[in-house]
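The structure appears below as structure tokens.
Letters A, B, C, D and E mark the chains in the order given here, with residues in each chain numbered from 1 onward.
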């Protein structure tokens, strides 16, 4: 059915270490209630969970984007290469090598695709030759972007915008990419394509990924390790292969019953509540 | 546990739709009404009437009108003052052309004139949005003020170009003009403001209110669920301008006693916008809170140093005043961008669960 | 092919009625871009009709044409047996067509209940004066429509968030509230643009349940865009496939699944 | 009546072409000055979607600082440098105190905040500099003050040299800005920020740096504007009202377009002057300049809701 | 103490012209308090309430001060118009020297209002007299542009000028300047260039003055034929154009007399004591000195009331009487050390203005110097107009109490 990801890489240095983080929005809305996770170097780590579980919030806490949404980390620590990045501003975090690709393909809609990509170079020292070379590399990964380089990003299709956002992040030459729901709203073959590129980047360029996804199916196929988040807590974690076999994950996240995939027409008759949630 | 709402069950939708479903709010409203109708008028002196009570009410009404348009229907207007001017001039023409007319009736009628003009200037809103729409209202602002200046008929060809409120009586009591007593004017204003507020509350919580809010929050979605945007926006312009026009007539007839065209210039528009925003867009109560702050603050700032016996140069006081008002505006925007009304709502939310933290 | 006039019965025994809406040779252009090119298809009463296709194929644009948000450059829309004259989106809505949006378009400044009540606006006709004094027709209408709104809220199991401002809701619930708003209008045809994007399987299951129930209990006709093939294949009675503005397939899920053009353009790997 | 509206004005124009030229020149000069203020607005709007009402008072503040420093005996060019320093400090302060805590708020809130800044600066400025009208140090800055008298069509055309200077400087400023925005990394970042500040943050564009930069550039523009206007009419707080004139210019040209600000400014400057002289004064009692620009902008917007050069709002459902 | 507040404006767009006036007024009373211990042994509490020339703030100040104040000095035609009807009820005199509503001269109608020692119509009349060399018929066929602020203040002299134009056959061309155009009057001056008037009479205030004068220089309008009202003769405004403004004139009911005795006293008791905010440059100017004259008028009113009622701490009604019975003679001016700073005048129940007349001052490139003999307004033609407009006002504001005691 599918090509499963290669086994987790052997080097297990932890790049990103999120420890018991609590996040509150607007001083009142408690969203993350102590989330801990680790992203190893060279790995693809998946962050799974339902709507409103706090995946985006976790990523934003790491990349420092919370502040502009009236959210703040009130407890716990976030370390990158053993240095705290908890209070650093987003630009500094990008310079350290961590970049987030936001949910919902935030492209600069009035800039052309190429200008969008070039903004990714912002944190790096200006070097025309290097910039051109990196741009070329992005275009080789995403040939479709080359075709549309001169059009305003606002008028490109959903898939192209997603590529543009990832390509833009690549221009920063990151070590770690925080990828938020890359599959949302994309047609199945585009999802495959994007995840294929993620895998390539991971394998060929050695970029580590922390991947927030709803599409558990795809995510667990490509990831090495997974965390499952529910209501702001990590309720389960383990190697992707193990998670795929877990009966609860199978039922609630993969939509499989004991006898294979069940039809969406049948869900009406019977529903079991999740065990790990009271 | 002062603000406990638990235990107050609603047994019908009608009771849930009441203006104040929570008992404590109704009590609070009662207290405010008693204060406004009984306590203040009995205790206030001339100065308080003239510099606090009457202007706060009139400004609140103007802000309420603006709030209907900007806060509920989402159409930014920077031309409030000009529409107040239309109300004031219309009222002036009516009472001078028809001296037998009841002044309160004249004031209430004058709103229709500004409603008409408001709709005319609201028509561009069907095409123009956001800050660009502000241009339509600014055009109204500058054009109307110019017209007040140039159109002699409006001010009865008065040599100074200003309008002067004549002495007007109702049931043998002076209600407007130099002979009118402040307390009488206060009650007239209070009655009109209370009435219009009540009507506006009903409007904003019903069908029309929802239509406006939908238009404000996402106009294309509103249209796609069956809202006629033209009707929605133009009713908002009409009702908002009506209220603003009435407040303009009150402004001149019940408070200022005279007016020159540039009174209705853009600083007044901004002041009212401030009140609406600091108070809270999309809230009724906010207008009152905002007006108390924006009208009351400078008065207080002027009085405080004197009361403390500090002698500061009056111009320095004024400069400091401007600075403080400017800073406070920024301060309140930072504390709660959604205004004092939201601040109050948050406090209320906390009170509901008080003394427990979550 | 199935009978064009009479309707038919599906495998699981549901009655599908006559054609309620028919798109005839629709073309839609934006400047130089041709978003839809000469597409025709129909929707039958009581069916679930899916539209699929790659990103940028013109699916949302098609929905926008149906709901009157875009006016087609060429072609005709037939509704309930007569040609629809050019009309404003709100007039289309008043004819009984309700929809949800790809990027949630809720009224963020209002509570859930108010959002659902806006769905009832097409059914409320009290004048401004009665509304002002909150008496007579206005009051009665308010209560009567509230009852219907509450029914929809119960149906979609969102009672607990009735008074919450929608801005604070998580994505999945927002989608559900949007559905509630559309349902409250008691539409003849319900258009759903990617109702399950960004949901995990469990949530998709919930959503499917609601869609099926709406279709079953109210007999509402549903047109739906979705990228999850599992959902599309399981739910829909017939599927239109679009690619770069052209129609490349139309038929039952099984027919579509085995159409080579569709596999090449869209499905890619075999499902 | 119709004759007065449609024929007489044109007869007047032909009868005295030198006067018409003078009218056009005056219109051009005020247009350029409006455009300069609008430029400050545009820059800030582009990078932060803030409708910066304080641009007008920044003009006054810059001019007053310049003149005030000179009155203390500082040489003119040093005054310019020091004033630039003051504008920089102001930019940093505004970013720190006002913009940072308000990031991500709705447009209208930020607009209000800039009005708050305006009030604050008026108060502060009057305390520091006093309310008197001051003379701009035009000559000290090396700006020529004479005038050229030409005699086209045997008539008279007076060109003030300082106006000519203002036109030239404004043109240079605009070209510089256009190049900066379209060609440099910073310029791209500024435009990106205006489109989507969250996304800009996520690629490591620092809001704080860009904002300070942009407000500082707006400060420089304010200083140039202040010198140009001050040379014409002296420096006082009454100058603040010219900020209103920039609003229709912006709307007409499009809120985010540099070219729009310039062309809008020129259009408004020229047309309002022509209208006032040939229609307003003879037929409407004059003073039509108070509203003409707004009504003109409104009419244009009815046909192009995003202004002549504004970015089209990309709206997709 | 006698509480005599001043509704000052040291802020806002008109501050430039307001400040020296306020300083002059204030320094005078400080000097009186320091030197004489007040008037009749009672100190004068001369506080300022800041209005920024805003009518709204002005009314607020009026309300705040009226309880204990003996006088209100509104300092703007707008505020004056606003409080004028209220004074009948509140019984407090308005002192508006040289501004306000010209018909206030009619004491029978406006019992509580005083625009001593000259009204705007006086000013207009004297300007016409001057340019026509005392025979208005000389103006026949001439064209006079009337450049004015589009505001009650600027429109005030229009009825008088219009009447005169009709009577003497000259053409009057009113040119309004909007509050927002004060700094940029190129359209107005283009109109002047097109119309080629023989004279430009200006009713300007605040930033409008400087704007007009710079434009006049630019359009090369003959400065000699450019005459302003007394609020348009501010040294600082002219200093902007310096030499180029040579020949510009303005009417004035006051003159700076730098060697007058009062100046020495102010220097001694106020400036040297560190109690003044004024700077030396402004103290030699027209407006500062006019401030002194204005305060002197108030002080004389207080004194005459004290003398009449034989009380020190007079109240507002008594001050009204005092202001109505001013008699500032040459001798009295000498006693006050203000000889020549204002012409002698006298008020009465029926005449609240006194019509002191004035002088034409001319800018010589550095300062204003006297350019005419003492001029007097044409009272014979002003008075009927005053009576007519005052009656109109009273009718519009009926019931309006008249002072039946005056004849």
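We adopt the following convention: contacts are C-beta pairs under 8 Å (C-beta built on N, C-alpha and C of every residue); 3 or more make two chains touch, one makes a residue touch a chain.
Bear in mind the structure is a predicted one, so any value in this text is a computation, not a measurement.
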Query raised in the report: What's the overlap between the neighbours of chain B and those of chain E?
Result: D
Report summary line: When B-D and A-D are ranked by contacting C-beta pairs, first comes B-D
Requested in this report: Considering only mean CA positions as chain centres, point out the chain farthest from chain B.
Outcome: A
Report task. Please indicate which chain is farthest from chain C, where distance is taken between mean Cα coordinates of the chains. Result -> E
Query raised in the report: Quick one: chain A and chain D, Cα centre-to-centre, how many Å?
Result: 45
Query raised in the report: Taking each chain's centre as the mean of its CA atoms, how far is chain C from chain E in angstrom?
Result: 75
Query raised in the report: What is the distance in Å between the mean C-alpha positions of chain A and chain C?
Result: 30
Requested in this report: Round to the nearest whole Å and give the separation of the Cα centres of chain D and chain E.
Outcome: 37
Report task. Send over the residues of chain B in touch with two or more other chains. Result -> 146, 149, 220, 224, 315, 319, 322
Report summary line: Touching at least 2 other chains, the residues of chain A are 155
Requested in this report: Check each residue of chain C and list the ones that touch at least two other chains.
Outcome: 69, 101-103, 105
Query raised in the report: Which residues of chain C touch chain B in the complex?
Result: 67-69, 88-90, 93-94, 98-99, 101, 105-110, 114, 117-119, 121-122, 124, 126, 128, 131-134, 138-139, 141-143, 146-147, 150, 181-182, 185
Query raised in the report: Inside the complex, what are the residues of chain A that reach chain D?
Result: 63-65, 67-70, 89-91, 93-95, 99-102, 106-111, 115-116, 118-123, 126, 152, 154-155, 165, 168-169, 172
Query raised in the report: Hey, which residues of chain E end up touching chain B in the complex?
Result: 8, 10-11, 47-50, 52, 55-56, 59-60, 63-64, 67, 77-78, 81-82, 84-86, 88-89, 101, 150-152, 155-156, 158-159, 176, 178-179, 277, 389, 393, 396-399
Query - Of all residues in chain C, those that touch chain A in their complex - result: 12, 33, 53-56, 102-103, 168-173, 194, 197-206, 208-209, 212-213, 227, 229-231, 234-235, 266-269, 271
Query - chain E contact footprint on chain B (complex, rising order) - result: 46-47, 50-51, 96, 146, 149, 156, 159-162, 164, 166-167, 177-179, 256-258, 260, 262-263, 265, 299, 302, 313-315, 317-319, 322
